[in-house]
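Next up: the structures, one after another.
Each of the next two complexes has chain A plus one more chain, namely chain B in the first and chain C in the second.
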Partner chain A sequence: MPGTYEDETREVESSGSAARSGLPASRPAIALSYVILLVGVAIALVPFLYVVSTSLKETTSLFSYPPDWIPSPIYWGNFESLFADHPFVRWTFNTLFVAGAVTVLKLWFDTMAGYALAKMEFTGRRGVALLFLLSVAIPISALIIPLFFVVRYLGLLNTYWALILPPLANPLGIFMARSFIVGIPDNLEDSARLDGASEFTIYRKIVLPLIRPGLVVLGMFTFMLQYTSFIWPLIAVQDSERQVLAVGISGLQSAFLQDWGLLSAAMLLAAIPITLVFLLVQKAFVVNDLSGALKE
Partner chain B sequence: MTDVDTGLSSTQLTLSPEEHRRLRRRYRRRTTLTAYAFLGPNLLAFIAFLLIPVVWLFVSTFRTGGVLGPAEFVGLDNWRDTFADPLARTSIRNTVVYSAMAIPAVFIIAMVLALALRTISRGSAPIRVALYLPTLQPAVVAAFIFAFVLHPDFGVINYAIRGLGGDPINFLGDTSLALPTIAGIEVWRGTGFWTMMFLAGLTALPSELYHAAEIDGAGAIRRFLRLTLPLLRPTFYFAVIFATIVNLQLFDSVFALTDGGPVNSTISVSLYIYRSLFLFGDIGFGATLSFLLVITVLVLTGLQTFLLRDRK
Partner chain C sequence: MPALSSPSDVAVSLIQVAKSYGAVEVLQPFDLQVAEGEFVVLLGPSGCGKSTILKMIAGLEEASHGEIHVAGELVNYVRPRYRNVAMVFQNYALYPHMTVRENIAFPLKMSRQPRLRRAVIEERTAEAADIVDLTPYLDRKPAQLSGGQRQRVALARAIVRQPAVFLMDEPLSNLDALLRADMRTSLLDVHSRIKKATLYVTHDQIEAMTMADRVVVINAGRIQQIGQPHELYTAPANTFVAQFIGSPRMPLHSLTVSDDGALRIADATLALDAAVVLEPEATVTVGLRPSALRATDSASACFFGEARRRDYLGSDSYLEVDLGGGSSAMVRAEADTDVRPGDIVHVDAAPGAIHVFDEAGVRICGASVGQRER
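Up next, the complex of A and B:
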């Protein structure tokens, strides 16, 4: 199909086309797009406004009709109770610490493995790559029972290690790292090798700096998956002091008493750190396409 | 300069074929060692937390006991029990029905939003952040947010329904509505992620083809169907595989909201696995159900690879 367009393509190129893909859109198309996006943004955000409003009300006042969107007077009791009666600060620290540790370790290990798979000719390369590729498709929640016994055997239940080590086995990041590294021209490394640089020096001084934009995206992705992980922390950690936010918050409600105000306060505060991290790196998200990972 | 050149080539010429092979082998051995050193940390984690658990699962499907008493070989009993268990069948059906609702819905919505984002030129940064906000929340948080929004007594949706003179709907308490509601919540949370993924795919497409297509007189819909969709095949390949793996593990929101109810209408495979770990002294049943989930995901992703991958 593309072959037939060749001539026209050349013509268009010479006339200087926009860098953006697609075409300059017509006015009605742009207007329609804004309408669609505004609806999307409203659906994404309105539930959060509901949470903000609920967190600043006494739970008993929730049942008043009609509902007040803006609570008056503002009630801070939910936040006070969250800090006084629950280890919310610990949960936040635990979540950030575990997600941070997993992200740093995974970026390090995955780029090393990605470098080996992308650039080295070694015995068993196809086998290792196939093994990792197959295990991309192994669902973690199917492994919770054996993981529980492995981690118990290692004596790590109820520790940070129990939360940090098992996620390191997720091989998806290796393929993403590999896809970033494959694009680096070989002669860059070869000239460093002629200068006597070791493979590790090449990895650290040449490969890592060149793939930094991709690493920001991979890092954010890893951090987010870890920040939102639930089923494994739920099983691996029983001690509330060691628990992460998602599990801690889910424990705030019980079947008989639902303190919606308290729950909202917790959810509101839990949303802040990850949102800040995202705002810091969000520019990198648009330029990089993670789907490159599974291209051969 | 010339001296160095001749020096080098004469050394190469004096290498006997045998010596050459030996050096080659040594070089290969060294590269292999280096490569495995680079792969080491990942291989270790992989063996301890993926390979051993999977092998353990497989072995456990033929055994009983193991938690309280010693394990005992029981042949195919666990497999028979699992397939005969009506709740296991219900959990598999719910998980598949849920995925069949959630994945196409989130893909269509995300694609529409991504196309809209590509069309506009101003204000797209804050819109992207707003759309991504739900994706950043843990699934249990998204679930609780909707527990308010949909609450039969004070949820905003039911205020609206009552305001219009209707009867309040108990979204999560109705056996036929609970699973679609859970799917809807996951769509709300997933839309931002897939919108960014599709937008990245769209942005990477070559613009020349579009100009050519317009010159050929192809309309917007035709361009989308004939040009955009086929060109996005690699993105879709990744999206379908990843979404399948994630959605077949449905757990967080049902655990937080319905605990599988009402009347098991939302029990998922993962929830049943979780229950079997804590409720039964016997791990054989849970292991078999887990292994079944592993096989299902492997077969489905294999099938999708076969159907969607670029053919050269």
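Up next, the complex of A and C:
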């Protein structure tokens, strides 16, 4: 008997689900995509796992062949040495403090400047914007020497100020903030203005809440850039007590000795705070929601 | 219409106000006074400058010339927040991150008066929400409301401030027709309860005619006429007003006055309502108000001609009738009229049906059909 009622039903259901998914279910294609993804994951993950493995081994056992991926026994000496022989905690605090301060101040200044450039009418607005844009094009390497002299002249070398103030002058954030703010309809500000809000209140109560997702991106971007910043902190601060992680870790190696185990342990620990920060703020990465503000 | 008896009755006074952007003059100098409690509609096509007038009163645009007085005070150089005006924007302009309650309370929290107590703010917010029937929605965000509800939030936010003047910039223009009619009624209801001077911008003549105490008709930056809806309809100041007000649009015909000073349209001689003498050979424009022309069976009607087209509107039908001599008219008929294109139609003209304008389009007077030759 060709095809019972149940068979027909099953056929209809399966063709229905294929139609719903909109994709032909080709098993080899799916398998291939998994293989490609796994290779990608491996490329990203293997170096990290190697660093983990290295951090838990004595440097002398690093060069055994074939390499041991899983250290046996687990060696904690690299971590102990980091805390006992080097001011690793201090470096971490310095880095978090500087990166945090720069991020907060930059978000504040950049959004205020971005608001002015996006929404306020004043003479020379285009000129100011152009000047900022031009300064984005100047490479950091061209700025370092004059910056060093300025900071030395101000007597700020070897202070936190030397690490915090110069990054604030980077205008890239202003342009990012401006582009977020330009998207807010003028009517919202006009309405707030008529409701009695001052320019600063409009900025604080209307503009900032509406660009929050953008601010999170800008904040993360600034924090990460500052967390991994190397060249300027290397030049501006010689005092080990003011040193940041990137500079401190690079100082763990010398011309004659590469203690890979120690370096790996330091890098592993250095990655923890920024990973935590990222995990904490990732919920705030949501689409900017202006729905309901205006007539669609 | 409330009478403008003394300066203290005037809520808004615009004296020789003009606006230009560089060399481009967007509003020519004009005067306008709005009385306390009066509902004035600024009516005109898009881009005519009507919203600019509101923005100048609100302080969002600077007047290039003239004086703006709100509640008797010169406000040209006063910041928007100190002008004691509230504005409802065309596109709501609600704060999307705040609830309805927070949106309505915002102006009170921003108040420059000695800090309002929380209880007062709550009471006034609830009162404003009640006026516009929003009480059940106070804890919702704007995105969770319908278009009409959002517009009511915007209205409540304006009401809560208890301003001297309300400015409304096409507040209903994006609502669907049914909701618009409802909101029109609600707005008038609110207006009659709070009795504050209101300037209302629209390009919709029905809105203007149904809501206004007075209408200001504007075109291309120039005030065309200020008057009560009835005045605009029965005595339009010029051809623009005549065509802009009323539906269907009034057809205009350019006619030459005959040697004996008579004005003839088709086979009918017009009798002017006023003691005006037209110069022979002068060119005038005659407009025939469609709603005042009626298809009739009477052979002694004012005009007759061949029906060209029939527009069915439900309550009525309108016939396009060729009157001969290059003139045509839109004529009102019964909705179920059996007249078909090609039929001969007799047309009666009610008083106020015929308007005569000079060559520049300025109204001379009304007219009626004096005599028919055939």
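To be clear about the criterion, the second predicted complex is superposed on the first by the 245 of 296 C-alpha atoms of A that agree within 3 Å, B and C clash if a C-alpha of one lies under 4 Å from a C-alpha of the other, contacts with A are read in each partner's own complex, and residues count from 1 in each chain.
Rule of thumb we're sticking to: a contact is a pair of C-beta atoms (placed from the backbone, for glycine too) under 8 Å apart; a residue touches a chain by one contact, two chains touch by 3 or more.
All of these numbers come straight from a predicted model, not from anything done at the bench.
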{"item": "First (chain B), second (chain C), both or neither touched by A:T201", "value": "second"}
{"item": "Winner by number of chain A residues touched, once chain B and chain C are compared", "value": "B"}
{"item": "Which of chain B and chain C A:N187 touches, first, second, both or neither", "value": "second"}
{"item": "Which superposed partner A:I249 touches (first chain B, second chain C, both, neither)", "value": "first"}
{"item": "Which superposed partner A:W76 touches (first chain B, second chain C, both, neither)", "value": "neither"}
{"item": "Touching partner for A:F93 - first (chain B), second (chain C), both, neither", "value": "neither"}
{"item": "Contacts of A:M224 with chain B and chain C, given as first, second, both or neither", "value": "first"}
{"item": "Touched partner set for A:I235, first chain B, second chain C, both or neither", "value": "first"}
{"item": "Set intersection of chain A contacts, chain C complex versus chain B complex", "value": "289-295"}
{"item": "Chain A contact footprint on chain B (complex, rising order)", "value": "28, 31-32, 34-36, 38-39, 41-43, 45-46, 48-54, 56-57, 60, 109, 112-113, 115-121, 125, 127-141, 144-146, 148-149, 153-154, 156, 159, 188, 191-192, 196-197, 199-216, 220, 226, 234-235, 237-239, 241, 245, 248-249, 251-252, 255-256, 270, 273-274, 276-277, 283, 286-287, 290-291, 293-294, 297-298, 301-302, 309-310"}
{"item": "Partner chain C, residues of chain A touching it in the complex", "value": "185, 187-188, 190-198, 201, 206, 209-210, 289-295"}
{"item": "Parts of chain C lying in touch with chain A, wherever the complex brings them together", "value": "58-60, 79-81, 83, 85-87, 89-97, 106-107, 110-112, 141-145, 147, 150, 157, 161, 174"}
{"item": "Residues of chain A touching chain B in the complex", "value": "1-2, 5, 8-9, 12-13, 17-23, 25, 29-30, 32-34, 36-37, 40-41, 43-48, 50-51, 54, 62-63, 65-67, 105, 108-110, 112-113, 115-117, 120-125, 128, 131-132, 134-150, 165-166, 168-169, 171, 174, 199, 203, 224, 227-231, 234-235, 245-247, 249-250, 253, 260, 263-264, 267, 270-271, 274-275, 278-279, 282, 285-296"}
